[in-house]
Amino acid sequence: MTAPRHLLSIDDLDRAGIERILDRAASFAEVAGREIKKVPALRGRTVVNLFYEASTRTSSSFELAAKRLSADVVSVRAATSSVTKGESLKDTVQTLTAYDPAAIVIRSPHAGAAQLVARWTDAAVVNAGDGKHEHPTQALLDVYTLRRRLGALDGKNIWIVGDVLHSRVARSDILAFARMGAQVTVSGPPTLLPRGIEALGCEVAPTLERLAEADVVYVLRMQNERMDEAYVPSLREYAARYQVNAARLQPHQLLMHPGPVNRGVELSADAIDSPQALIAQQVEAGVVVRMAVLYELLAGSGAGAPLVAEAAAEAVALA
Amino acid sequence: MTAPRHLLSIDDLDRAGIERILDRAASFAEVAGREIKKVPALRGRTVVNLFYEASTRTSSSFELAAKRLSADVVSVRAATSSVTKGESLKDTVQTLTAYDPAAIVIRSPHAGAAQLVARWTDAAVVNAGDGKHEHPTQALLDVYTLRRRLGALDGKNIWIVGDVLHSRVARSDILAFARMGAQVTVSGPPTLLPRGIEALGCEVAPTLERLAEADVVYVLRMQNERMDEAYVPSLREYAARYQVNAARLQPHQLLMHPGPVNRGVELSADAIDSPQALIAQQVEAGVVVRMAVLYELLAGSGAGAPLVAEAAAEAVALA
Amino acid sequence: MTAPRHLLSIDDLDRAGIERILDRAASFAEVAGREIKKVPALRGRTVVNLFYEASTRTSSSFELAAKRLSADVVSVRAATSSVTKGESLKDTVQTLTAYDPAAIVIRSPHAGAAQLVARWTDAAVVNAGDGKHEHPTQALLDVYTLRRRLGALDGKNIWIVGDVLHSRVARSDILAFARMGAQVTVSGPPTLLPRGIEALGCEVAPTLERLAEADVVYVLRMQNERMDEAYVPSLREYAARYQVNAARLQPHQLLMHPGPVNRGVELSADAIDSPQALIAQQVEAGVVVRMAVLYELLAGSGAGAPLVAEAAAEAVALA
């Protein structure tokens, strides 16, 4: 697989492609440890953040990633834009494309939105979450976080627990974990497990009985509104059967969650605050992994792609 | 006419002033074609974007223009500002003026707002749309787009079609096209043509019968809410009489629209996607024309104004 | 007192600490008078603005201060963030902390919020207003403005008039003015004067009868909603008893207000526009004082803190 132009799905990346991004992220983590956390890689180039959903962590993380690559960043949010005038996604993308951005980062409540954007623009497109479909940079930062802790994912047993049905994170993580050699199992109430999910490369466990087999427990966010929608009878009952807590978690297991956590629902407070939890590390990985994705798409492909050592040299030059 | 301090109306510019901005924009278009799309012209200076109306294209275009001139940009939007506390425009402008910005870019739903802002600040003021009054940078980018295609506007026949009554774009375009030597005709339902519009320097045609005379057809956005307000009986009837489509458009005519387009209302899909349409080029012109406006107001006047060649040299120095 | 890590309250600063910030602000005022208004002091470092309340002046002033120190700025506003998903302040701060920002500037409707943020992050925390508690940078810019006009505050008589009860500005100002050697008196309707306010180091005057004694009259904003809440019978009656106007103001007195002003309520138009009013100077001081606060917290402590002369040298180097 050659270097992809876009990152729409984890399927755009083979194992080598994922590893190249993770290696690049590791070199940026080294930059992030310095006082001057910038490299001039994307100086004079423009990154557009187009967010049709409220978001703190993903939008600020992409914004900071682009700024630390020295790009000019334009953030367009649905709430304050002419999107409210009924301007279509296509019109908006064509407008923004006219500014000749290097990349468009798109978050949308609609599955497939990023794919559409890629059809309408010359810019590199990064999917920052499209409906229930995918959230590939989240999966990459999850793999990055696990790889740093475990060395490699090969043969590891990873359980993904909770509302898989509505989770773009779950979909991207299943693909990414499997591609990196892990065994993936999903578990949750039958109403929240999509039929045929096995096709993505995972097993299904209806209960947490065999949870002790897992090396890593990845807990999904349980959205309160699911209760109103009758996917679960009550959050209390959900918590009784599927909450990951100190009683259910084994000492050798690592715990992950994409955030923000509903304390006392899908995770107990003791689990969140345990040393097994990698939640803070996941967030921390967000900026460097997104720097790496932008860098690989915009500066890493083609002949003159600077190596890791050169990126470090650039950082020194900037300082 | 000497170089104006503000751009509040197309009336602030004589033909030479318009041409100076267009020439400058052309030099910035050359910069925009490079990988590093920046010049250091406004480094260390501040541009405030004060937007009291939702906007994607205009606000992001001004923001990017200022950033590509290396200015620091502060964006204040009504929705997230203390404007919601009832702070008056005057107070807000005085507050922002205290930061000593080089320019304030103002969009407001109120005609005359930009004029008021100019009275209350030392900064250069750019009108980014004030109610139904004017939108001069849109007109400049329209002239820029036409000039690139036609060489000159002298003697060209330009028809402006649709809701002229509510359109600040129409008002600025009539002035600008006329100043550049074109013959301007406006056409639309009588309820949507303001009385006395001829005084701006145009003719009025109540129907599209003579549309074939036009060299350029400039179609205005038809806002859906006009129907509720009983300016038109129905969008269907409006479209039947005034929609510009393949049946009405001659092969030699150029088609323009300020965007965003209501597909199937004022323009048919086939017209939008025809090679005669300059809509994408208009949007593309937005950033470079706004860079040129900011540059002329802030760096271009006075003795040491760098020539086009010097701007290019600056860009090289930045790279 | 050693250099504080955070600025949560004026109580974090002794008189020498306040003076150090004011001196630094004066050196930045000199930079602000140049065409290139930047210094490279915080290049490559990140400042997060986390605003849970609508604000124009404070948020844009902090944003600009950070940009003029060459920091990368990420602004998170409640209205457009996942705060709307019910994400807790703690989760948000932990997320933002994972980006390793140098500083978090926090505004919140809840008293004590800044203190909590400081507990959850390694970043320097600046309180930009927490409920009715404090607004220390406002007090610092007030002292800065007065010091520029009066030389020193020692022995000066400062009256703070109006809704002291709901005013974080009043609380911070009383502390700061007293620390700088002034005699502080608060005055307003008994319903709007908190019991025990004398403990902060001020006297209480129930009427404006003795207002002529003041060297400085600091008028607080009267929020319209207080009338609905029955703190005052009517704004008209409030104005009759407590409005500061030309009739009540002595020619030798200086007039201050934190803005935005309700014209005709707490201040008459003639008072606002009189040469005694320092309101514009207060706003103007906002950027340089906030630059100084960020600089002192992030670059000024520790061994290698550049002196004022060095900051100027840096500015030259940047130009």
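Letters A, B and C name the chains as they come in the text, with residue numbers starting at 1 for each one.
The rule is simple: contacts are C-beta pairs under 8 Å (C-beta built on N, C-alpha and C of every residue); 3 or more make two chains touch, one makes a residue touch a chain.
Just so it is clear, the structure is predicted and the values come from calculations on it, not from any experiment.
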Open item on the list: Are the interface residues of chain A and chain C largely the same numbers on each copy, more than half shared, or largely different?
Closed with: different
TODO: In steps of 5 degrees, what rotation angle do you get fitting chain B onto chain C on the CA atoms?
DONE: 120
Open item on the list: Distance between chain A and chain C based on Cα centroids, please, to the nearest Å.
Closed with: 39
Task: Residues of chain C engaged with two or more neighbouring chains - done: 79-80
Task: Of all residues in chain B, those that touch chain C in their complex - done: 43-46, 48, 72, 74, 76, 79-88, 91-92, 94-96, 98-100
Open item on the list: Help me check something: in the complex, which residues belonging to chain C touch chain B?
Closed with: 32, 34-38, 54-57, 59-61, 63-64, 67-68, 77, 79-80, 224, 259-261, 280, 283-284, 286-287, 318-319
